[in-house]
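Chain naming follows the written order as A, B, C and D, and within any one chain the residues start at number 1.
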Amino acid sequence: MTALTKTLKPLDGYALALGDDALISSHRLSEWLTYAPDLEEEVALANIALDQLGQARHLLGFAGRSSGLSEDELAYQRVDREYRNSLLAELPNGDFAHTILRLFFFSTYQRLLYAGLTASADGELAAFAAKAAVEVGYHHEYAVSWTLRLGDGTEESHDRAAAALAELWPYTAELFAVDEDVAALAAEGLVPDPESLAGPWSEQVGTVLAQATLGTAPSGTWRPSGGRAGLHTEALGYLLAEMQSVHRAHPGATW
Amino acid sequence: MTTISESRFDALLAADERIEPRDEMPEAYRATLIRQIAQHAHSEIIGMQPEGNWLTRAPSLRRKAILLAKVQDEAGHGLYLYAAAETLGVSRTELLDALHTGRQRYSSIFNYPTLTWADVGAIGWLVDGAAIVNQIPLTRCSFGPYARAMVRICQEESFHQRQGYESLHTLARGTEGQRAMAQDAVDRWWWPSLMMFGPPDATSTHSSRSTEWKIKRHSNDELRQRFVDLCVPQAEILGLTLPDADLRWNEQTGHYDYGEIDWAEFKAVLDGDGPCNRQRIERRTQAHRDGQWVRDAAAAYQAKHGQTPAARGTEGTDR
Amino acid sequence: MTTISESRFDALLAADERIEPRDEMPEAYRATLIRQIAQHAHSEIIGMQPEGNWLTRAPSLRRKAILLAKVQDEAGHGLYLYAAAETLGVSRTELLDALHTGRQRYSSIFNYPTLTWADVGAIGWLVDGAAIVNQIPLTRCSFGPYARAMVRICQEESFHQRQGYESLHTLARGTEGQRAMAQDAVDRWWWPSLMMFGPPDATSTHSSRSTEWKIKRHSNDELRQRFVDLCVPQAEILGLTLPDADLRWNEQTGHYDYGEIDWAEFKAVLDGDGPCNRQRIERRTQAHRDGQWVRDAAAAYQAKHGQTPAARGTEGTDR
Amino acid sequence: MTALTKTLKPLDGYALALGDDALISSHRLSEWLTYAPDLEEEVALANIALDQLGQARHLLGFAGRSSGLSEDELAYQRVDREYRNSLLAELPNGDFAHTILRLFFFSTYQRLLYAGLTASADGELAAFAAKAAVEVGYHHEYAVSWTLRLGDGTEESHDRAAAALAELWPYTAELFAVDEDVAALAAEGLVPDPESLAGPWSEQVGTVLAQATLGTAPSGTWRPSGGRAGLHTEALGYLLAEMQSVHRAHPGATW
């Protein structure tokens, strides 16, 4: 509630939300290290976490520049009510199927988003998006390949993938929510309209789920949201407590 | 394969040529290499744990990225090394099983805990530093796949070592709390790093035959001395003290003398009674157990479809 | 037990005497009470979760002790209330099963997350405050065991409510960050607290019969108004704003008018679509599942030895 | 490494170590809340956590008084290298058997320790110990009663209790270690000699383990220590990161 980010311009706020998605996603992936099911997965998950962290640094740097806030001030000195990531990114890691399904949903979304953002009227964001789109393309391939193997692997892996699907699905709606600021930015051609991504996303996700023998998307009225407005799950506070612990224990230090 | 054309093997060795997997070789040479490469591979993957312990708490995003890349590199080193060992006719599965059941070892240094963020810097400087001193001669090792893996690994580890040193330098020039953290980390990692070169030459096993086979090219004490001589001036630049009252320049030998190493501690840790031996192996075996259903799923998919679903996709971003 | 001496039951009610478990009572009265007491018990134990979420992070040891004692009290309230329900011929096991499978409810307020430390204060002030307003009339409820449980519970909850208020007061007078945290918590908890009194009288079910039976003595809207009237001056002392632009003193009625409650949100949360419904029940059922082997062990020991090993031992320190 | 506690007098340092034991023990117990196997256990574990927290507050208050350090400065502003609790206290919670066996070992120790401390030449510590001894007596009864039920309950509970015993046993040696400061304090009659507690402890523990059909104490050479000197397991850093997160996010605030 130190309100570091209350006065950000809309485009900076937008970049911050995307950056927070990437930062928190990177954090959850990095929690897998030394726990992954195979050495190849250690390498791959670390790689994706590193790409996401790189994107986060770029976006946080962009978001803070005109306010004079550094990437580290934004990452380490905000409390969870100031974080703007989607709830999907922050949910605690479950099993490997949970991580794969989340990555599948998330990278499908990011791929569409960054592709759209390459057309941004903001040249810097457009250039960033072009590079990031390539990276998330690889994340998406990885997630798809494992979604297929888990869904169409053993009975156990199928059941675990189906359980992850059911748990995570409700959180995907938030990715396509539009608030006033984003609507205005989209109207100015600065960012893609999130709603316009929902259709392609559903189609792409649906195709893979079907191929993975995971059936169609679940139904249900519960579509939680709030992350973009700083209304998170109870999990984010613990994540940030850990992430910020060393930084906060040494106020004013440089690293 | 019981008769070995040892003359060709000996000739290659004598000519300082590389032995390749297709070449015939004495079984003892093969066994020694398997043991050594496997231990090295195990050390890479167990070594991810102490540093990985700080991934989620790195105090800046830049340091977090550096650490993440480093831990990833260690997993990558593990992959190359298991692959190198596999050229000798063992499988990664067998080697992992030997690790999990305690039949093969990993470097004892990783049985110490990382207690503060500064430990990441100290490990980079001292532990990677010691590893490099140990490993540079291995880039000229007689077994080709191992030597080639070591070239790449040494390059990456030099990079890690410089990053660790630089991180420690920042801490040592930082706030009082950061400086104290840095000194404390060096105090705790210095002696275990010296132990990384193994027992004193007088008591070392394996060495003489490994030397004949051009696997090992320098004695433990020689390499240890080289490491000490490298570190002392670096510590001075850092402005940190090495925790050894006996450490001083010896005009006669042209080297730094250093105090007595606690070989009882070394032995205890090696024999399983270090602070983290149980924890490291338990974590490793748990990850392996927990991953069984995932590996099974991949195998089942492959059996059904005759292929993996797509290129892994991450190779393109591997760096 | 099919013929009930309803005349005696009616006479006791008419005389404002207590109905006791041994007394005959209409099945519908029994069922209503079981449902209400169980829901109340469930609310106590589910209510431990949002506050328990801050136990390990309380920012001072004094506040940590207060919070720990409070969460413990809630578990204790759960115990009394399940015991009160058991006097009506159901078991705690059955009631827990009804909770776990969604056949019985708990108070919807606990389906909101606690996002900051200030939420602990806001829950104490507003949620316990609303609970007390709801529950004080229940200390005169016609069913003896429930009424007596409510006496003790209301005493403890008044204590909790004052502690919450005091905590919020400290935050509101603290640093800018603390003050913002306090205001934010009140902004989030105010409307859900008003919803705790249930739907508006016009649409409320159950109420009229409960009133005849002297289980319920005031309407939802009456109690809600009482709560608003209590809170407004308290908020002024805190120096915090209640998030309702329509909140103002009404000279005519002698009460505060307040804005329209979002009954659609209320219904959604009640029907299972609040932010934490799934999380709360999953946590509860997981704890129950994970504890099965422990309860089995206790039962097995008892069966073997005919007794538990010793007095539980903690009763002596219960406070 | 902020060295808040480097200059504490030996008796204050001793009180700090005991206080840290109680504080960290309370923390681990409090993690059980809403996860306990039954409502009675929720109440009991909360009660014990509360008693331990009360003892911690008393001991930290005592430890900091002559240096002008408050209980909260000591609890929230030290890093793990300055914490002096035994390793046994900080190990992450396992299952209920793990928690019960730890409490059994720990309360048996605390009961002997506080009983000894009632004879301290320091009147305040002696008075504190008299009160605390009664509390830990109840903790001990509770732990014994569950050790018996788990050990002599079902096959599963027996196996879990045996596994917890094997895991925790090595850590108990540290409770009876003597350093220079403590030896000097014991010689002055200010504190009980830790080594003198080891015999009675082993005897009492052994009797209960036998009755619980858990056999005799495990053997083995591994007896980790270091906690009293601030050399902890990797688990403590995470615990403190969480515990101190809100406090550290608001420097200078009062609560």
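Methods note: contacts are C-beta pairs under 8 Å (C-beta built on N, C-alpha and C of every residue); 3 or more make two chains touch, one makes a residue touch a chain.
To keep track of the chains, here are their UniProt names: A, D = Phenylacetate-CoA oxygenase subunit PaaC; B, C = 1,2-phenylacetyl-CoA epoxidase subunit A.
Everything numeric in this text was worked out from a predicted model, so none of it was measured.
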Review point. So which one's got more C-beta contacts, A-B or A-C?
Key: A-B
Revision key, fill the gap. CA centroids of subunit B and subunit C: separation to the nearest Å works out as 58
**Study point:** Distance between the centres, which are taken as Cα means, of subunit C and subunit A, whole angstrom
**Key:** 37
Check your understanding: Taking each chain's centre as the mean of its CA atoms, how far is subunit A from subunit D in angstrom?
Key -> 41
Study note, to complete from the structure: Each of the following residues of subunit B touches two or more other chains, namely 57, 177
Exercise for review: Mind pulling the residue numbers of subunit A that touch at least two other chains?
Suggested key: 79, 237, 241-242, 245, 249
**Study point:** Chain contact topology (line, ring, star, complete or other)
**Key:** other
Review point. If you look only at subunit B, which of its residues touch subunit A in the complex?
Key: 45, 48-49, 52, 54-65, 68-69, 71-72, 75-76, 78-79, 82, 92, 117, 167, 170-171, 174-175, 177-178, 283-284, 286-287, 290-301, 304-305, 308-314, 316-318
Practice item. Under the touch definition given earlier, write down the residues of subunit A that touch subunit C in their complex. Key: 1-3, 79-81, 221-222, 224, 226, 231-234, 237, 241
Point to revise | In the complex, subunit B residues that touch subunit D | key: 53, 57, 113-116, 176-177, 180-181, 184, 268, 272-273, 275-276, 278-279
Practice item. Using the touch rule from the top, collect the residues of subunit A that touch subunit D in their complex. Key: 79, 237-238, 240-242, 244-245, 248-249, 251
Review point. Subunit B touches which residues of subunit A in the complex?
Key: 23, 26-27, 30-31, 33-44, 46-51, 53-54, 56-57, 60, 71-72, 75-76, 95-96, 135, 138-142, 144-145, 148-150, 152-154, 156-157, 160, 242-243, 245-247, 249-250, 252-255
